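Two complexes follow with chain A in common, the first pairing it with chain B and the second with chain C.
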Partner chain A sequence: MPPTRSQLSLRGSAQLIAEFFEYSIHSILYQRGIYPVEDFQTVRKYGLNLLVNVDDDVKQYIKNIIKQIYRWISHDKITKLVLVIINKDDGETVERWQFNINIEDSAETTSGGDTQTETDTAAVQKDIQAIIRQITASVTFLPCLNSSDYTFNVLVYTDSDAPVSKDWVDSDAREIENGESVRFKSFNTNCHKVDTLVSYKLDQN
Partner chain B sequence: MDSSPFIEKPMDASVELNKLKFQLKDLQTELSLKKIEHEEEVHGLKKELEQCQLKSHQFESDSIYYYTQNKQNCEKLESMEKECCGRTTRLETTIDALKKELKSLKSVEEANEQLTSELKLLQQQHSMCKEQLKDSESVRDGLQKEVDSLHSDVTHWKLQNELKQDEVLKLQRQIQTVDNSEELKSISKQLSNQVSYIKELELKNLNQAESLKQLQLQKLNNEVLQNENRSFQVKLQSMDKLKDELDSTTLELLQLKQESSKWNLYLDKFPNIEELLPKFKSLQDENLLLKDQLNKQTLEQSQLQFQLNNIKVKLENQEDEMTRVKSNWENVLKINHELEQQRDLSLEESKYLRQQLGLDDGDDMTEYVKNLETLVDNYKEKVDDLTKSLSKGNVEVQQKKRKLSTSADFEDFQSLKQLNGQLQLEMSQLMNENALLIKQLESIQDIKEQKLRILQLRDNPFTKDQFVKRKQLELLQKSNESLLNQSHLKEDEKVPKAVYEEQNFAIVQLQDQLANLQKKNQRLLTTFKAKSSELLALIKLLFGYQVTLQSDDKVKLTSKYSKLGNSNILIDHKQMTLKRTGDDVDFNTKFDDLIGYWINEKGEIPMLLSALNIELYSNLE
Partner chain C sequence: MTSTITDSPKSTVRRTTLRFPGSPSKSMKRQGSTLSLASPTKLNVVKPDWDHEKIYQTLKRQGSSSASLQTTTDRFIPSRYTTSNSRVSTEQHLPPSNASPSEHIKAQSQIIYKRSVADACGIEVGQRILQYQPPPPVSKSLVQMNQSSNFSTASAGKGSMGLTIEPLRSRKISSNPERVLDAPGLVDDFYLNLLSWSCENQLAIALESSCYVWNANTGSVQVLSDCDHLISSVRWSEDGSYLSIGKEDGTLEIWDVESSTRLRTMKTHTGVRIGSQAWSSHLVSAGSKSGEIIINDVRVKNHITNTLHAHMGEVCGLEYRADGQQFASGSNDNTVCIWDSRSSVAQFTKTAHTAAVKALAWNPEINSLLATGGGSSDRHIHFWNTTTGARVNSIDTGSQISSLFWGSSNSFGREIVSTGGYPNNSISVYSFDHRIKVAEIENAHDSRIISAQLSPDGSTIATVGGDENLKFYKVFNQNKKREQSSAIAQGKQMSKIMTIR
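Our next item is the complex of A and B:
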């Protein structure tokens, strides 16, 4: 581990990113209509009203993912998190939400003082707010999905030497061929940089 | 020509004199100023000259330094080239020699192998021939014995035949002498026996001759084999020679191996001979680089030489200018001298005029005026000449400046050219570095991608869905198959088991769906409750009544302003009734009062409720 990255700031960054992933997944599931509206509850986060799925199975599934991801981010073992929306009938991937996690080598320690970290977190929250807003606004250009025909899956790109529990199995990349891509804003903690982009299959109709 | 002021006002000679004096002084001061300017210019030019000389010295020293460096580099390069060439030629020759030796060794080895195989074959043949020879010798001995015995038999039988012939002759004589038929018969019998015996002997003799012929053939074969044997022995002898040769070649091989091991030791720097070539190539590249550097140095040297020549030309120009300036200076001095002389003359004239002014008037006056006019004209001419020379000097100075500026531009151009070259070199280096870094990045990315793992949770919504579908499909297939084979059902089986299982699975699926729907319903209920409680709170806040929905389709309204809180209004919207409950007397009387007016007269329930609240609030206050 580089000497400039303190363990404390790394954990804080991992926590922040894991939380962002959790709320992003919930928001995407709501915005893309994968689950009915009544399955979602409003919560206040990042200065926004975000919708969170209250179905126990879905909640548990996302929780399990986020718990593991937090560990992987803390040990710099993860490079991507991908949420794929799949057609139930033919198993085709129609949308691919990709979150790239880049390790920031030039990160500084948090010895700058509390005011520094406060301003940092405020700036990061502002960036996350902007990304969530972009996710919400993406409904305008993404093709319409019929909720009952689609399901989702979360893929994680890890290093080959990352510790993996029995609950996790290998998967294919589920790429979209000849799909359109839209890059969203990115945010930067002291230790990581998170890029967001969505790839989607163009509606042939 | 301008008219002189002396013509118009001849009487103001003193004023004119003063004017002339002033002009003279002015000219003198101008002259002194010019002198100073010229001195300054000369001083500046001297300084420039010194600087130029210094620069030229520097350039000369630089050029000498560059020349020496260049020379050294050339020498180094030449030596390196020679070394490289020598090395390369040596290495090439050694490689060729080694290759040739290797080839010759291989051929020798092959020849050796062939010879050994031939030797083995010959040895085998030799042993075979020896054995055959032994056999044939034994056969020959046997046959010779037989031939000898047959010869002895033949000689014996010949002797016997002669004896018999002698006996036959004797008998014929006897027959001639004794004419006895019986004896003749016996003799003829004996003779016939003898003839048959002779025939037999002849047959035997013929057989023996044939066997003799065969034996002779065998003898011939023997002789051939003996010849072959001899040739083989000769070959064996040659083989011994070849063996000697082989030994010598093996010795040579060992020596070559030793040499190759020595070479290997020498080439230990390069693990493989193949690495020698890249090294050689790198040396060639270095050589090329050095050549490039040499070319650059020569270019720089030529540029410096060119600059030096320019500087020399400039120096010469400046020297010329200096001579010109000096000549100008001398001219100016001469002019000055002349002016001084003229001043003296004018002073003397003025004295003379003063004297004359005191003495004569009339005709002398006109002459005097003419003299003065000529003097003034002379002065004017002098002034014009001086102005012309001054303007010339200015033009020369400007030309000098221009020349200087052009030389400065050239220097700038050269420096910019050098800078451009350096920047281009840097750019090419950076481009190369960039390309290398891109390659490294690609390789790193490839490695990284290879190292990456894509993971998913074993129990995810998509696999769940797929699992359910697969199971359903399997069960349907099974049930389909069993329904197709329904004819093979047992008597007690009315429905195939697979169909039953499929139905069970469908039931489970429906149960899951039902559970999901129940969950959804529950969620809807909770949201409804939450929203209705929100609404009721809002109603209480806005309208001042606590609304309670009762199970018997009645609505209970409790005012937030009632004192006791147990007085309510019950509204049955089905039967359209409105009742009050509770034992708050104040509330009851007020309600009764208000109901008469708002319901009976106006028929307005909201107004009744509002009025009641106002009354209760006023009471509270």
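Our next item is the complex of A and C:
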């Protein structure tokens, strides 16, 4: 049996991660009510029913972000992707969904034997499924958001020498002061490891 | 007693020591030694790295300076390493391997120094945080309910008002007329009321000196009379069996439409045109150009029962409340009067409008709610509580308002449709509760809309414009059809009681 088939190439891994980000962003936008429920449609993905925004503008907006991020991942210029949920009135960050992207070079160097933990696509899908389930479940502990008052923004942590298009500008980290954070499961392709965590502002009362 | 005396000097001593923290006192020093981490001298993170001995040690341990860096935690930001993975730029200008040891040490210490300074400042070397600049698009399907105060009060009474917190979709109404009829010779005069739609589904329209009755059920047209004077207003009686025609010379004719016969001619003493009329069972109120409102009883010989003097200008709007207890009149003197039907003195005179008031609409469900719309220099709809005389709400429509009608939809509850003139000649539907425009038909006519009527089933609006067209637009759903049909049945019953001798 050819072991190369089940192994993910760097390109494939980047593709997979970019796709994961896209669905995660859609899921978060749905779960946190940034866009009205009517704008979303169910899509079957990762063995789950995921909700994807069907508004053309929103779809294109996310697609543009993901396209750029894919390029950065495949050239290994990105370390973090952050989705921040911002109050429209005062610009305050109320939630911060962070995805850390780590290079897994250890897998490459030690993959001499066949018994090595081969992370084939099916296993990765299973991990992703678990994370998306966790994102969905996170609604239970995250504070309530009054949907119409919030918007979102995407931040990325890149290397200083990463090529940047004019749509992206330097920003601060938009950290949440006195925030609580919850770490989710992580998943592993052969080339990358993605950690997910959400930090959120605690309710005042 | 004694204890308080001994306590007080102690406390003062304590206070003095606290007041001068700069003075070195023994107790302070002792405290400082126990809380070694909190001592400010330990904050100097750079110092231990900058120490030459330390550098030698790290070099001996063959690089991997990250271990030594990990120990330099910051008291204020203890979790920096957990949130950011400390990447350092790979571009290191190392001297060639055959360089002297001092050069190597210099290069290494440079790197370490750079890292520790960057870390102390909370900067990650070789990393940028980028933000996607274009703002996220706003959902198109959502009508932004940003007047939060108004909306929250509305949603508080959710159960009773039938409103939901869910974002509301904008209403969709067809911008194509269901039917277009020609109305040649229509007098293009804002102050006249040349259109009336009866509860029997017959539409009367006055074209110059003749009146046409179009049956909306069958589509047949009937011509009533050929008068010697121009017709200035037409109005169906409440039961839809009689039509009153007001003329330029101040006479009022009552017609039986079924037999096409004139039943009665009533002369008014003013001799000026009657621009508006309203029926309340057997009473016809006629608003004249001179500002009087003449109330005629069609059953008696001396038909004028009352003459109301309140307006200084032509009365162009006149409307009875459904129960006949009150009526409202609007005039070219920019005032609205609200009358008790029994009285000859106006209950309220409203001067909020700044142009002639032609459009008047009583809410069919709330007895005391009246909507009035002003002319071309006013452009506002005002809502009144006619019991207290208070203004409830206002909407700026941006164009002359020639008529107003109430309706409702599932998503917005109470709505009001207004027909306008310049600039769009549009038919606009507003939500009463949210005071927003929920639907609009732009350029419904090529010229301003002079007059409009709502169909008896409450779904279709008939508009007549200066372009001599009569157009029918469907603006509301027919969800109230049953109520309306029962009202028609009631009207039929009334017609039996109400007969003209």
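By our rule, the second predicted complex is superposed on the first by the 186 of 205 C-alpha atoms of A that agree within 3 Å, B and C clash if a C-alpha of one lies under 4 Å from a C-alpha of the other, contacts with A are read in each partner's own complex, and residues count from 1 in each chain.
Quick note on the criterion: a residue touches a chain if its C-beta (ideal position, glycine included) is under 8 Å from a C-beta of that chain, and two chains touch if they have at least 3 such contacts.
On a predicted model such as this, the values are computed, not experimentally measured, just so you know.
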| query | After the chain A overlay, clash or fit between chain B and chain C? | reply | clash
| task | In the overlay, answer first, second, both or neither for which of chain B and chain C A:Pro36 touches. | result | both
| said: Just checking: does A:Trp168 make contact with chain B only, chain C only, both, or neither of them? Give me first, second, both or neither. | reply: both
| query | Is A:Gly91 contacted by the first partner chain B, the second partner chain C, both or neither? | reply | first
| Is A:Leu155 contacted by the first partner chain B, the second partner chain C, both or neither? | both
| said: Is A:Val54 touching anything from chain B or chain C once the two structures are fitted on A? First, second, both or neither. | reply: first
| said: Just to be sure I read the superposition right, which of the two partners does A:Asn100 touch: chain B = first, chain C = second, or both, or neither? | reply: second
| query | Looking at the overlay, which bit of chain B runs into chain C, 203-211, 275-283, 437-445 or 581-589? | reply | 437-445
| remark: So the chain A residues that chain B and chain C both touch are 36, 38-39, 55, 58, 61, 65, 79, 151-162, 164, 167-173
| field | chain B residues touching chain A - in the complex, by the definition given at the top | value | 448, 451-463, 465-466, 519-520, 523-524, 527
| If you look only at chain A, which of its residues touch chain C in the complex? | 34-39, 55, 57-58, 61, 65, 79, 100, 102, 147-148, 151-162, 164, 167-173, 175
| remark: chain A contacts chain B in the complex at 36, 38-39, 54-55, 58, 61, 64-65, 79, 86, 88, 91, 151-162, 164, 166-173
| query | So in the complex, which bits of chain C are touching chain A? | reply | 83-85, 87, 89, 124, 126-137, 139-142, 144-146, 166-167, 169
